[in-house]
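The structure under discussion is supplied below as structure tokens; questions concerning it will follow.
Going by the order they are written in, the chains are A, B, C and D; count residues from 1 in each one.
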Amino acid sequence: MEVFLAQLINGLALGSIYVLLVTGFNLMILVARIIQFAYPQFVVLSMYACWEVLRLTNNVFLAVFACISTSIVLNILSEPIFRRITNMKGIDINASFVASLGIAIVITDIMSHSLNYGFPIAFPTSWVEGSLARFGLIMISKGQLYALAGSIIAVLLFFYLLYRTKQGRLFRAIAENRFAARLIGIPIVKTSIFSYFIAGLLGGFIAILLSLLLGSASPWLGEFVALKILAVSIVAGLGNLRGGLVCGLCLGVTEAMAMGYLSGSWSNVVSFVIMLIIILIKPQGLFGTSIS
Amino acid sequence: MPTVLSYFLGFTAIYILMCWAIYLPYRVGQLYFTTVACMAIVAYFSGFAAREWGWPFIFVLLVGIAIGAIIAYILSHAIGKAPCFTVVIVGLAFIFIVKTVIENWELLGGTVGFFGIPPVNNLLLIAYILLGIVGFVIYQIDHSRLGRAASVVFVDRDAAASLGVNIKSLGMFYQTIAGAIGGMAGVLYTFLLGSLSPEFFAFAMVGSLVCMLFVGGYTTMWGVIVSAPILGGIPILLPVTISSWRQVIYGILLVLIILVRPEGLITKRMLWNLKGKNRYKTASNLVNTRREKVG
Amino acid sequence: MKKKNNILKIENLSVTYGPIKALRKANLEVNEGEVVALIGANGAGKTSLLKAILNIEKPNGKILFLGKDIISKSTDNIVASGICLIPEGHVIFSSMTVFENLQLGAYHNSYDFDKNLEKVFAYFPILQERSSQIAGTLSGGEQQMLSIGRGLMSNPKLIMIDEPSLGLAPKIVADIFEILSELNEEGYTILLAEQNAKKALECAHRGYVLETGRFILQGTSRELMNNQKARRVYLGGSV
Amino acid sequence: MKRIFNVLMIIMFILVFISFSSFANFRQEVVVDKWKIPFLNCVTGPIASIGEYMSWSANRAANEINLAGGIAGKPVKVVNYDTGVSPDKAVEEMAKLVDSALVVMGPVPEACIMASVPLAARKGLFCMTASTSYEYAIKYFPWTLSWFPPTDEKLPPITATWAKKHPDMKTVVQFLEKWACWPEMAKAHAIGIKSAGVKMLKDVEVPTDAVIFGPLVVKALAQNPDGIMLTCNAEKAAKIIIELDKNGWKDKSKILVFSSADDTSLYTTGGKYLEGVSVYNYINPDCENPRWIAFRKAYKEDHNGIEPGSLSTIYYDCVYMLKEAIENTGVTGDPTKLAKERIKIRDYCRNIKGFKGIQLTWDMKNGIPSDKGTFLFIIKNGKKKLIALAGKTK
């Protein structure tokens, strides 16, 4: 029982990472109708920026600022590319996937080539301070708590933003029907850039939470999770924020349980087989999708 | 022939086959990466059969193609008409599962790899004959009723369904062929290298194949024939200072081509223009002819 | 009838798509309180003209709205200054609710939202009934009503409607034209592009006839109805 | 637009044609004015950082040799070829070399060795492979040599030494990442630990793409071990140690980190949590050899103060070994005598007597070093402190 509870907490911590990233990923689907496969890579690159500033200045505020602004800049820089792709006639959402695949490859390779000699980066250990509470094997750390709380707050916040505010309505309007949105007089470019700005802001927060929870990052971190993020998003239903929350946490718990009770090397296979079965049975996702 | 040239030609043949295996299901709008998993399974199977059971090459080849086709056929029952991203994720997940199974299966050499596969004489010749046959078959498919049906499905699924196209069986057909080609590529790869490693069938492979397909052009089968030797040749021809950046080059090319020329270097229209304008009257051609009259 | 104030004046307007000239040197005037019909066959250039006014298609020439040249302004500015286009084929946000669609319509005019909403619900009671329903589940006629309602939410000075009768049952078409007449009586100025010339002219004060990008005829509805050429070409002779 | 692309296509075809014809000119020039030593390294991919320092040390050796007059009076140049850790790329790169190279340094990771050395052996090209494992090199003897004695000879003594230093340690659990030769090393570790009378508990497998380590640590601690053996990648080892610390693990010296994890990222990731952890490795950072001291100083200058990695000396020694081989066997580098000279170098390197490496002096016997020791350290104030040396015979 003790082991089970400990693994459950670990699973929720892992799941909260997935939830955060899936939320960002779904946000891109909802506000821009693109599959942003490179989103996790943007987050990892922001972690690198945070680390670099922390190393040079040793100032936490500057580092946080650098992290968030890097993420925002990266997302806004990608906006013209994706806008051009979504504006093309006869080109569908696949093209955005392929283009972001290209971006992901470039970022990963540049990180492994030239940032920190390709070594993984590590945040100062004071960022990863010890446990908050511990009973035998059950242990809760600060990072875990932040990440879990952060992920739930992020989902709620973006749910509210998208479905309850005027700005969110504009985002969805543009994503759904660009022509109609123009007719209504929504300034397309401005709103579109703003939606990427929001996604970038979220990316920056994710990067900070991840650096608190993981304490380090490697060039391959983005690639490790990108595939799972896409899978979770599809299992939950593309663009379904609530589904992403549930499925992300479930994936984390499944992996932790598989690692703890079965075998570490097979844990990914266990979760992938489960996801594969769900996808094959319900191609539209468990929670339904708004994307046709 | 210099050793490096023979390997270059061999890899080119395999890349073209693999790109065709992705090109075919993309005719109906599905990015079908399961074919890479088929290739991995067949590659390991053929390596094992050749080394442990001593099967002759031709036999291994035929069985390999059959295995690839069977796997793809079984899966296609579930994803025959699935939307693109379901197909993508099924493919990627399947690659991942196959890779992990190989890595953890001691019989297959684990993460280190599988080695000592006996070489075959005249492999290059066989590879290019197979390439020719596959190319001929794909050409025939593209210029048949099936190919035209696929073009309609790619543009508009609902319209295709209303025209009486059975999308599911069309998807299943293309996926099965893709699986068979993947199996063929797997066998050739095994005997070309004489060794196998799970690293090869990984994400980087998907990246390079997608890059070759999209840079070359996904609307015709000829695009990859141009792009595969050029992109596959980057690591061989250029000095290491440049070629170690090949992934970056691939990535940037991929993004650029989608921005500048979304259908790739070689497009259907380009081929039509080469053949002469009168053979195909399309909307875009009519526009061109009208422009000439006006100008 | 009120004093004839020029709301929209178009001079020498051309629209080209690559090599094709969709509209050649068009001249058009819309006065305050008028319903003006644009009549023409499919592909005559009606939609291009309407889109050009909003700068969705790049036009050449002169467009004066309330006396100001708007040709180089961006679409959102033009919409904000008081023109709304209700496009053909009921273009709505089908994954959102009816109410959200109406909210979006009020993007440039949110301060008297409640007043406008009341007005729209008065014209289209069905929308009030369905206000929390997903717009995509509405019937064709209801979607067209939503489309018009969304346009009204911005409290426009000029309403441009493109093919309101397209794909709708005759009963609903009649309803819609009735509503257009009511709107006009309320004081809205309407520019109506329509293939169904009879219906359009019944509702309009004046009309323009377009053929392959050129205005070939213009005049009051009565004149056009009685014009032999127009009758032969566009009214099918049965009138 | 269309015309531009047609022109572009024609240009590309011409480029392809030129590149094909350039294959013909792949052979080396006849007069050797420079020793070009190809190095089949991995400068991209998951272990690019290791490739970087291997390449750094090979270049350092080459520069030193050039300053001292070169090899047989001619300068030496190390030419990098990139495998990117993918075996098929390794074969492609090896294919470039088999027709013309005198000798090859590398290929670097095990998978690339297994994939590409058969081709080299078929064409009679000698490869100075980098593997930490004798097992992968011996399959292709005599066309390879090993830098270390067989795993089951070299590892058990060191883990046994560690186990004997902690007499109260009754059970040990091993974290194992199934990557390349690590499972073999893990088996050898277990043999040594068992020989000291300590019980091995069930291994905890570490997934290669693990993101968090809590579940693994819980799984290990649920078995109530007295000691921990880490056989996984450096970054993961550090994270596991941090996780253990958070879970209340007290005696750090009862954690033993294996050699491949004794890498920069262990220290940058682990930080203060590493204090007191035991580590074993094949090089001693506090070695007194002046060459080593200079090497270490230069390395740290070029790498922001990072200590040289555990494999960093291999290719430094390798270039010197080639220098010795070329000078002592009178190899000229003349392409017409290529096959003979390849064999001369091979036979010399495989049976070298008293080779003076940067840290140790050892003999090669039939391609196997006979007496290289393994060092056991404890981490004090972020630095490794030597506490035992095992396996060195003289």
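Operating definition for what follows: contacts are C-beta pairs under 8 Å (C-beta built on N, C-alpha and C of every residue); 3 or more make two chains touch, one makes a residue touch a chain.
Remember, predicted model here, so these are calculated numbers, not experimental data.
**Student:** If each step moves to a chain the current one touches, what is the fewest number of steps from chain C to chain D?
**Tutor:** 2
**Student:** When you average C-alpha coordinates per chain, which one falls nearest the overall C-alpha average? Tell me, please.
**Tutor:** Looking at where each chain's C-alpha mean falls, the closest to the middle is A.
**Student:** Greatest Cα-centroid separation from chain C: which chain?
**Tutor:** Relative to chain C, the chain whose C-alpha centre sits farthest away is D.
**Student:** What's the distance between the Cα centroids of chain B and chain D, rounded to whole Å?
**Tutor:** 36
**Student:** Can you check how far apart chain A and chain B are, centre to centre, with Cα atoms defining each centre and the answer in Å?
**Tutor:** Between these chains, centre-to-centre, one finds 30 Å.
**Student:** So what's the Cα centroid distance for chain B and chain C, whole Å?
**Tutor:** Centres of chain B and chain C (C-alpha means) sit 50 Å apart.
**Student:** Taking each residue of chain A in turn, which ones touch at least two of the other chains?
**Tutor:** 109, 113, 265, 268
**Student:** Which chain B residues sit where two or more other chains touch them?
**Tutor:** 103-104, 244-245, 247
**Student:** Which chain D residues reach two or more other chains?
**Tutor:** 44, 178
**Student:** Which part of chain A faces chain C closely enough to touch in the complex?
**Tutor:** Listed in rising order, the residues are 166, 169-170, 172-173, 176-177, 179-188, 290.
**Student:** List the residues on chain A that touch chain B in their complex, please.
**Tutor:** Per the stated touch rule, the residues are 35, 81, 84-85, 88, 90-95, 97-99, 101-106, 108-110, 113, 223, 227, 230-231, 234, 238, 265-266, 268-269, 272-273, 275-276, 279-281, 283-284.
**Student:** Where on chain D is chain B touching in the complex?
**Tutor:** Residues in contact with chain B: 2, 5-6, 8-9, 12-13, 15-16, 19-20, 22-24, 26, 43-44, 79-82, 84-89, 91-93, 95-96, 98-99, 110-111, 114-115, 118-119, 123, 136, 139, 178-181, 183, 208.
**Student:** Would you tell me which residues of chain C are touching chain A in their complex?
**Tutor:** Answer in residue numbers: 54, 56, 74-80, 84-85, 87, 91-96, 100, 103-105, 107-108, 110, 150, 154.
**Student:** Contact residues on chain B for chain D in the complex?
**Tutor:** 2-8, 11, 103-104, 110-113, 115-116, 189, 193-197, 199-200, 204, 226, 229-230, 233, 235-237, 240-241, 243-245, 247, 261, 265-266, 270, 273
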